[in-house]
Amino acid sequence: MTAFKDIEERLKEKAKDLLEKGEVECVFAYGRGYDERHPRPYVAKTKEDAENLVFNEYCTFNLARYAVKEPRKKIAVAAKGADSRALVQLIQEGKLKRENLVILGIPAAGMVDAKSGLTLDEKTTGAFANPVVYDVLLGDKLPEAKNSPYEVLGELEGLSGDGRWEFWRKEFARCLRCFACRKACPMCYCDPCFMDQSRPRWADKSPTLDGNTMYHLTRFYHLAGRCVDCGECTRACPVDIPLYLFHKRLAKDCEEMFNQAAGMKLEDKPVLVDFRVEDGDEILL
Amino acid sequence: MQNPYLPMPVRVIKVTTEVDTGEIKTFRLAFVNKEDEERFDYLPGQFAELSIYGKGESPIGIASSPTQKGYIEFTVQRAGTVVPGQVTSALHDLEEGAIIGIRGPLGHPWPLEFLEGKNIVVVGGGFAFTTLRSLVNYMIYEENRRRFGKISIIYGARLPGLLCYKDELALWGKRDDLDLCVTVDKGNEAWEGREGFVPAICKDVAPCAENAVAVICGPPIMIKYTLPVFFNLNFSKENILTSLEMRMKCGIGKCGRCNVGSKYICNDGPVFSLAELDALPRDF
Amino acid sequence: MLRKIEQGRFGELIEALLARGPLYAPVRDDRGVNFQLIRKASEPTLDFYNTLQSPKLAWFPQSEDLIRYRLAKGETKGEAISGPVAPTVVLGMRPWDVKSLAIMDLLFLGGGKEDPYWLEKRRLTTVIGYGLASEEEPDGADFFRTLNIGAADSDGSDVFLLKKDGDLLLEGITERGKGLLGELTFLKEGTEEDERYLVAAKAGGKDRKTRFFDLDANAAADKLKAVFADNTFWEKEAEGCISCGTCTFVCPTCHCFDIADETLFRDGVRRRFWDACMFTDFTLEASGHNPRPRTFQRLRQKICHKYSFYIEKFGVVSCVGCGRCTRLCPVNIDIFSLVARAVNL
């Protein structure tokens, strides 16, 4: 496995090169935060900026979230496994153009969520080690995780329907409506989000449990077949609602029913947009 | 202590459709309780929160003058091309006799003591004329008229059908103690008045800056082009007044929504001189 | 007035406070410690450094009913919902959180109009402050020393609580606090040695090392006003910002709220609830005009409101250096270093 320090050096070099040659307007990557454990998303616009780039195990951010805001610019994006899947999904959805992107692929394992101290792996999120699409690979390819990312669902799936309902209601009761989950998510680009509409108003504006439930369930379903399991929503949540568990469950359903995971191949169509004669009809029954 | 969040009941006693699109209406309201009417002691330039339970509240400038006794008036545009305005839509659906709520008066009025003894140039555009109408009616009220110097009014709208208070404008036009100049961007066959944008008309009328104050309200684009005209006429920034609009909720300087610099527009404004606005960050 | 109780008898103290009325105190769950309305005497803990969220919810709940109404054909009558009926105690507030109450008072009780909901709760709530014992180290995100707050400051508390060896010292600060301690007859008298310990702890708290820069509030206010128009600076600072409301919701001095009517069939409530200047639609007007459509403008508003506008309006910084916004920011934006950079620009 290529050391993070080496990846950082290659990232700086490549960014400098791209900016110097004018091949991209900016590079979305990571910069220094207030300490080692807290880097920040960083946009390098000049070759001098490129010197400020960093990469370490705490650079968990999915930068596709920023890329999707710049659909017309020629940009470079540092992308770990799940991040690259997000870019692919966004390209499939027509939000980004492949030819406008220089994808700086980063094979990475052992990334750490600074807040919880948890490693990003198949038991949490972002287990995908290698970028699925890239223009440059900034490290050696890694073996992919052996375990299914859905194994972690076992406990929850073992509960009865009422048990799961109780589990999620308890989690949603804590929701602050800070909307960090949707704001951190690269796929949550709706403008306006259904939660911000006042006519009709889909959920109470004040943070009631019913409104919170409405918000999260709707968001989960909006992300069905689209979520790439990067885990940004869950890491962003200030009250630690394990949103990834629901997203994983829907991803699992999609994969089982349509044999397609989100954001894996550029030539795929988004799974809920595509229709094939051989598609199962379980969801209709 | 009176709870400042609790609206007082008022009855809609008259609804006037001001413009031919029907999108602007004036609501004449009378207090249900006598003591509320006494408590609602206002001056031109202030605003109030109109409340419809189940829909919410909307901050609206008071369009009547305190010299008009027994009622208060609000001219309301149905919001909603971009942000659906629940309250303004509900207001527009009201019929005479309906009871709604009101909280206020809120904010600072036009600085009447400062205006006293000066020549007043009132410049308004479109629907933003409401608190200026209040000011004019206040100044031309019999007992008040001599407190103010020459009064000039320049009022414009895009089309003749979009002018508010048409009957009142006709009455003002007949008075010899004020100069009224009504203009539209583009006239029609029936229009006999002036045509032209407000800034151009101001340039044309060229009010004298000597001992004069300009009070200007209108859409941002009108304000943008009107201000230089008054600078060229040598009006100082202290002598140009306007009223700011920001999204507001509480109206009493708590909810933070209308904060610009060290001011809460609802409580510290909405009336400001240009000199005061210059001291604020450009964030409104 | 100084009283004490063995730490092992903390539950007894809680029991006694619970018997008097509603009690908010820090409770640990698997995610960390937060203030909660206590149901059982076994729930509260004093073993924490800082709560994840601020205790402002005891005075300014996330959602608060203002007016109750019932839709009717003719006149719909509204009825103001009055404040809490019972005197409440909030136990275990760190000095920086206690300080935030005085900062919020300026807003909610000032400007010529008092907010009756805040006032009522302030009037009826007893604050038991909780000093940081000398062995507890700040965690790197906080910077309360920059705001001139000591780790064992007792100002603003009614009762001040401090750990000492196996004991909990309880100092009565205000008349209300002394009255409360007087009622708790099972407490022991503090000794002279306890007194000396308390004085030393308060003095020592002033020197507790957190992140620090020499902040002159008025100079910072002026400087930020000067930097306000420097869009390049703010765009750079905000480039990671995702415009969520986390920082404002966990902040002890953020007070912005929204008001909405929520009706079920005919019964409804006009309620207020936390809002955030970081949200895109915070300043979106009905006309469609939005004075702050861009992320950097909203981050700038938040920073300047705390470190410039509030100082100009009320004379104090609207920040206590608790570090919560930094700790919980999804993209690690740090108000301390941001302000330091702006001030030294």
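Order of writing sets the chain letters: A, B and C. Residues in each chain are counted from 1.
In the analysis below, contacts are C-beta pairs under 8 Å (C-beta built on N, C-alpha and C of every residue); 3 or more make two chains touch, one makes a residue touch a chain.
Owing to the predicted nature of the structure, the values given are computational and were not obtained by experimental measurement.
Enquirer: Between what two chains do the most C-beta pairs come into contact?
Expert: Ranked by C-beta contact count, first place goes to B-C.
Enquirer: Farthest chain from chain A, going by the mean of C-alpha atoms per chain?
Expert: Measuring from the centre of chain A, the most distant chain centre belongs to B.
Enquirer: I'd like to verify one number: the distance from the centre of chain A to the centre of chain C, where each centre is the average of its C-alpha atoms, in whole angstrom.
Expert: Each chain's C-alpha centroid was found; their separation is 33 Å.
Enquirer: How far is the middle of chain B from the middle of chain C, if each middle is the mean of its Cα atoms, in Å?
Expert: Each chain's C-alpha centroid was found; their separation is 39 Å.
Enquirer: If you average the CA atoms of chain A and of chain B, how many Å lie between those two points?
Expert: That gives a centre separation of 49 Å.
Enquirer: Can you pull out the residues of chain C that are in contact with at least two other chains?
Expert: Residue numbers touching two or more other chains: 258, 260, 281.
Enquirer: Two-or-more-chain contact residues of chain B, please, as numbers and ranges.
Expert: Touching at least two other chains: 83.
Enquirer: Okay, in this complex, where on chain A does chain C touch?
Expert: It comes out as residues 33-35, 38-43, 61, 65-66, 114-115, 176-180, 183-184, 192, 196, 204-208, 232, 235-236, 238-240.
Enquirer: Mind listing the chain C positions that touch chain A in their complex?
Expert: 31, 52-53, 62-63, 140-141, 239-240, 242-246, 248-250, 258, 260, 262, 271, 273-274, 276, 279-281, 326-328, 330-334, 336-337
Enquirer: Quick check: in the complex, which residue numbers of chain C touch chain B?
Expert: Residue positions touching the partner: 66-67, 69, 71, 74-78, 80, 107-108, 111-117, 225, 228-229, 255-261, 263, 268, 270, 272, 275, 277, 281-289, 291-292, 297, 301, 304-305, 308-310, 312-313.
Enquirer: Write out the stretch or stretches of chain B touching chain C in their complex.
Expert: It is residues 1, 3-7, 9, 32, 51, 53-58, 79-83, 85, 88, 99, 101, 220, 245-247, 249-250, 252-257, 259-264, 267, 281-284 of chain B that touch chain C.
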